[in-house]
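Presented sequentially are two complexes of chain A, the first with chain B as partner and the second with chain C.
This part shows the complex of A and B:
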């Protein structure tokens, strides 16, 4: 068997630009003995990906590695290119984020698994026919039907693609599997299945697992030992239990707190962050009985090639003034369609009723424009929803100009940016998105919505693409907007922790229907519907290998 | 967001631990599995419909555009010899130019559908016959040039991208851009002067030395000799666009994660490039390649004029100086038809190459 060890490893990217060389990893020592499981947690920029890529020498040529990366006792720098190629996948394979672009989009997934077998042909899969059999065997291992072998990546769901990645990683019977954010972008139920499957397969075969993630709870569910990285340095290292439940370092505490434990009274209505948004009102707004936006018997159907699909089925929902309502559900549950129809962006079926402030939602474009001033949308990925060539001022002012609000334009923009806690606002006006961090970008998007003085914000996964520490900041901002301005918000999310952190009420959606709806404390503490219970059970909890033990 | 229906076989494996049967989270029945569908026939019909619409517009435009050209064709014919007004009127009625425009248009439409494109004023032969005679040389010239230009451009393009910012990349890209910027006729004339004039290595014009049988061995060699200069001119001027498109799309693919996957699987850099990166980069390139083949054929007009190549381009060039209306209309329709067919071919080929279009 093979063991992997990093001894005083530092990795530097040489750069010709004015920034000079960038040290991505400094002085890391970690061991992965045979059959062990190790998790490395860190946010983007912590150097965790760089570190694991060095194990198979997959870093670009512009990097220098100091210290020793040893695989099976050999320093990987001493291997020739031919030798390192033989090591890749046969001794150590990588599970990339399959949900994204780690599979070749124009080749059948079965063929991509076979390709790995071809490059490391062993007795058991010497001939093409045997390799084919082995590929089908692998698909079965990861609970995929054989018919999926001829699928292209775009025909599979995120979870299915991730299973293909795992099947591929197991293909050549490696001693070590390195998993790079294997469940990011998957919803909790699929995440749980993937983690369980991976833990089972790795455990059965005695394969060592090195997994990196930004989510401490996910790592602690699978790994015995945890390492925390920040800015390329090792912050804390120890057994999962100890690191998660009794962390010594402040940074580890911050990471551990970023994803709240549902039921934990301390994090209720209190997203943990070092930079909480300020509540300025002496008497903060609280949820009222005044209905702002209401949907009655709302249904949305699409014509597909298989016939008419009902994406949203008879939904009743009421958003009150100064209420934060979280709509939770898996991908494909129709929650985004629901949000789009509440915004008047999606045609609804006959018999559906949508009311804003007591009057029916207009259908004409001109009247809808006035309505949209009152109801603003915030999307998931701030990098994608901001035009990269436009300054912050232009991004925020656009809504005002569309709505033909011309008085005090400058003051309104400044006010919106300050309400989104980008202070001093004047410093940001000329910046373009590229110069801002992920959290700042999302604040700009929120400011763009706030500039119009809306009564309602509808946000689709507003923190899903943000780092753990930034997540708390943005959630705290939503809470402050409610308390300071009496704003109502409907937040679409797959993250029950978010609902626990800031929402007054929660609606659980499944296959287009709301299966449970009520205030957060009741629904999440005492779920009635089986699906809500299942969702809650799938949320990874801090603590040692909870998913594996239960599974 | 749609929830697709499933007609897939139910998995024989054990149920997923931890998920109740109704969760929709089964590996084979994921809720967010993208829907399938899309028939090839429907796609083909849509694309054919589009091509047909373009063709109709071309036919209409072909008639009216050339009637806006300055110059009276009958006066032009009459210029060389003395003619009485009665003779001119006679000529007009012979060509149908005395009829109202709308009637002329109708005659033209009927002609197109019966393959009868009228008679050339200058050559005094049916246009369709002329086009058939001149089409062969043009196809020979442009097909040779296209194959070479596409091959050279794509090959250099992928190497340039793979070795981005290397000396090879810089030399290859800048050289191609220099040729791209040179006017075709100028490059043709320079080549003619050097290799045909000063050095006398190659013939200066035409397709074959008069008197030789084009199908005899000597005749074939003679045609190849005549072909060299015009082909070099065409290739030099156009290969840059293939190089640039290939280079840009490969550079875009080079940062994709699936290439890291391929490397991690133990593939060599050459395998990563040839098996994964280039097939993906070719997809956007294919469309451009086909669209430019159409452009190449129209580009033949200049080259054929410079090298007196007896093809459609030269025929068009002569027809413009008339204006020889029936001939112009004929070559215009044929050129346009070739371009439209090429674009249609691009759409169909793309559909076969890219599974995302094929089954989306």
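This part shows the complex of A and C:
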């Protein structure tokens, strides 16, 4: 069998730009014995991906590696190109981060699995017919129907694509599987299925698993040992339960705390962060009975190739003043469509009723523009929501110019940026999006919405693409906006922990319908609907290797 | 009274401050853009081929502008060249040789540059404006309107452009303006296609959706987001198109469809062919206008390529 070990590994990217050489990994020693499972956790930029890519010599030529990376006792630098090719996939394989981008969009997925088998033809799959059988066998192993073999990637869901990636990784019976954020883009239920599947395969076949993620809870669900990385250095290493539940280093504590424990009274209405947003009012706003935005019997249908599909079915929803309402559901449950129709961006079916402050939603362009002043939306991806060529000032001022608000332009921009806790605001005005971090970009997007003084903020997965520590900051900002300005917010998320952290009420959506709707404390502590219970059970919890033991 | 004065002056003071700040906001934006221009200029300067091209262009534009000063129009008058030898090969007395009527070729090139470059630039501007407007419209508006615009673009793409230009210039009144219209009307379709594809890709970005959420209408999205996004592409395309427009002008003049009363490089080529200069050994008669065309077209292309690389850094080192 094969074991993988890193001994005093340092990796440097040589760069001709002004940044000079960048050390991505410094002095890391880790061992992955045969049949073991190891998780590496760290935020973006911690060097975890660089480290695992070095195991198969997949780094670009501009990198220098010091120390030894040993695979099955051999230093991988001593292997010839032919030998390293034989090692890749046959001994160690990788499940890449974005399944969407790692599959060839113009080939059937079955053929892509066979491709790996062709490159490493062994006795068991010498002939094309045998390779075909092996491919079907693999699909079965990852719980996919054989008919999926002739599908193209775009015809599969995110979870199914990730399963295809895992089937590919298993194809040549490797000894080691390296998984790079295998579940990041997936919702909790699919994430649970994928993790369970991986844990089962690892357990049954004695495969070693090296998994990296920014999510401590996901790692602790599958891995025996955990390593925490920060700025390219190893911060803490030890058995999973110990690292998660009794961390020694401050940084590990911070990472472990960043994840909400549903039911934990301390994190209710209190997202953990080192930089909480300030509550300035002596008597912060509280949720009231005054209804701001209301939907009655809201339905939305799309014409698809399969016929008319109802994305949202008869939803009743009421958002009160100074209320934070979380709409929770899996991807494809119609949450985003619901949000877009609340904003008048989406045509709704006849019979649906949408009211803002007691009057029906306008349909004419001019009235809609005035309405948009009151109800603003924050889109999923902060990097994409900002025009890369325009500065922070231009991004924030855009809404004012569109709405033809001309007085005190500068003061309004500064005020909005400060309300979004981007201080000192004047320092950021000239920056363009690429000069900002993910969290800062999200603050700029929020400031752009706040500049219009809206009464309602609708946010679509506002923290899904952000690191754990930034997540807490942004959530605490939402809470502060409610308390300081009395703003109502409707937050769309697949993360029940987010609801526990900041929301007053929660609506659970499944296939376009709201299956459970009520006070967060009640719904999350005592879920009535089976689907809510399933969602809650799928949330990974720190420590205990829950999935492995149950699976 | 002494109390009211300071309190009265405070708000006016802060108002003045706020005013100064209002200017600040827009100035910040302007400064940043100016800096970008400076950065791009230094990138452009570091490209040797582009600088060579720019120098050649500036040279030809200068001689075109100052042609009447350098060589008075009388030097083109055949009746005043009776003492000049015909078909004189290049020498010190006749730097680029003379033609069948005893005119100096360098004077004809000088005057020809005026029409050739003017027509090239004007036709390109026309084609770019039509192409950008049609491309933006086809990309931004979905549904029937966009589809109709797209079919119009397709119609112009499939038409053989030289043929259309020949028809147009023979139907319309002879003149420089006719040539500009003929070339401009036939060369915009490919620009429209490029602009449309860029528009489509920008259209799907989240920041367009964000602008809609902020309440923006078509005008805001088209002029604040789309136009700036396609402009660099259009500019780079412009310099490349000027070259082909100059060639098109020469082609039309060569075929005798240009303004015969005005000098142009194409006209010189046509005259040289009329007297079979190439087979009679009067090589300078053919080569001089030919090389002038090649130089200017090459210069525009080199500048255009450098601009393209500045807009799209991935093209560098290719």
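By our rule, the second predicted complex is superposed on the first by the 548 of 551 C-alpha atoms of A that agree within 3 Å, B and C clash if a C-alpha of one lies under 4 Å from a C-alpha of the other, contacts with A are read in each partner's own complex, and residues count from 1 in each chain.
Throughout what follows, contacts are C-beta pairs under 8 Å (C-beta built on N, C-alpha and C of every residue); 3 or more make two chains touch, one makes a residue touch a chain.
Predicted, not measured: the structure shown is a model, and the values here were computed from it.
Asker: For A:14, select first, second, both or neither according to whether it touches chain B, chain C, the two together, or no partner.
Answerer: Neither: A:14 stays clear of chain B and chain C.
Asker: Looking at the overlay, does A:332 come into contact with chain B only (first), chain C only (second), both, or neither?
Answerer: First partner only, chain B.
Asker: Just chain B (first), just chain C (second), both, or neither: which does A:302 touch?
Answerer: In the superposed model, A:302 contacts chain B only, not chain C.
Asker: With the two complexes superposed on chain A, say which partner A:275 touches: chain B (first), chain C (second), both, or neither.
Answerer: A:275 contacts neither chain B nor chain C.
Asker: A:363 in the overlay: touching chain B, chain C, both, or neither? Say first, second, both or neither.
Answerer: In the superposition, A:363 touches no partner, neither chain B nor chain C.
Asker: Identify which of chain B and chain C touches the larger number of residues of chain A.
Answerer: B
Asker: Counting only touches as set out at the top, which of chain B and chain C does A:411 meet: first, second, both, neither?
Answerer: The second partner, chain C, only.
Asker: Please work out whether A:537 is in contact with chain B alone, chain C alone, both, or neither, and reply first, second, both or neither.
Answerer: first
Asker: Of the residues on chain A, which ones does chain B touch that chain C also touches?
Answerer: Shared contact residues on chain A (touching chain B in one complex, chain C in the other): none at all.
Asker: If you look only at chain A, which of its residues touch chain C in the complex?
Answerer: The contact residues of chain A facing chain C are 343, 345, 365, 368-370, 372-373, 376-377, 379-381, 384-387, 389, 391, 393-394, 397-399, 401-403, 408-411, 413, 429-430, 432, 445, 448-449, 452.
Asker: If we count contacts the way the header does, which residues on chain A are in touch with chain B in the complex?
Answerer: So the residues of chain A in touch with chain B come to 53, 56, 58, 81, 85-90, 93-94, 96-97, 100-108, 115-116, 119-120, 140, 142-145, 147-148, 152, 154-160, 163, 168, 189-190, 192-193, 196, 302, 304-307, 309, 311, 330-334, 336-337, 510-512, 530-531, 534, 537-538, 550-551.
Asker: In their shared complex, at which residues does chain C touch chain A?
Answerer: 18, 21-22, 24-25, 28-29, 31-32, 205-207, 209-217, 220, 224-225, 228-229
Asker: Can you tell me which positions in chain B touch chain A when the two form their complex?
Answerer: Interface residues on chain B, with respect to chain A: 1-5, 8-9, 11, 13-14, 16-20, 22-25, 27-28, 30-38, 256-258, 260-268, 275-276, 279-280, 283, 353-356, 359-360.
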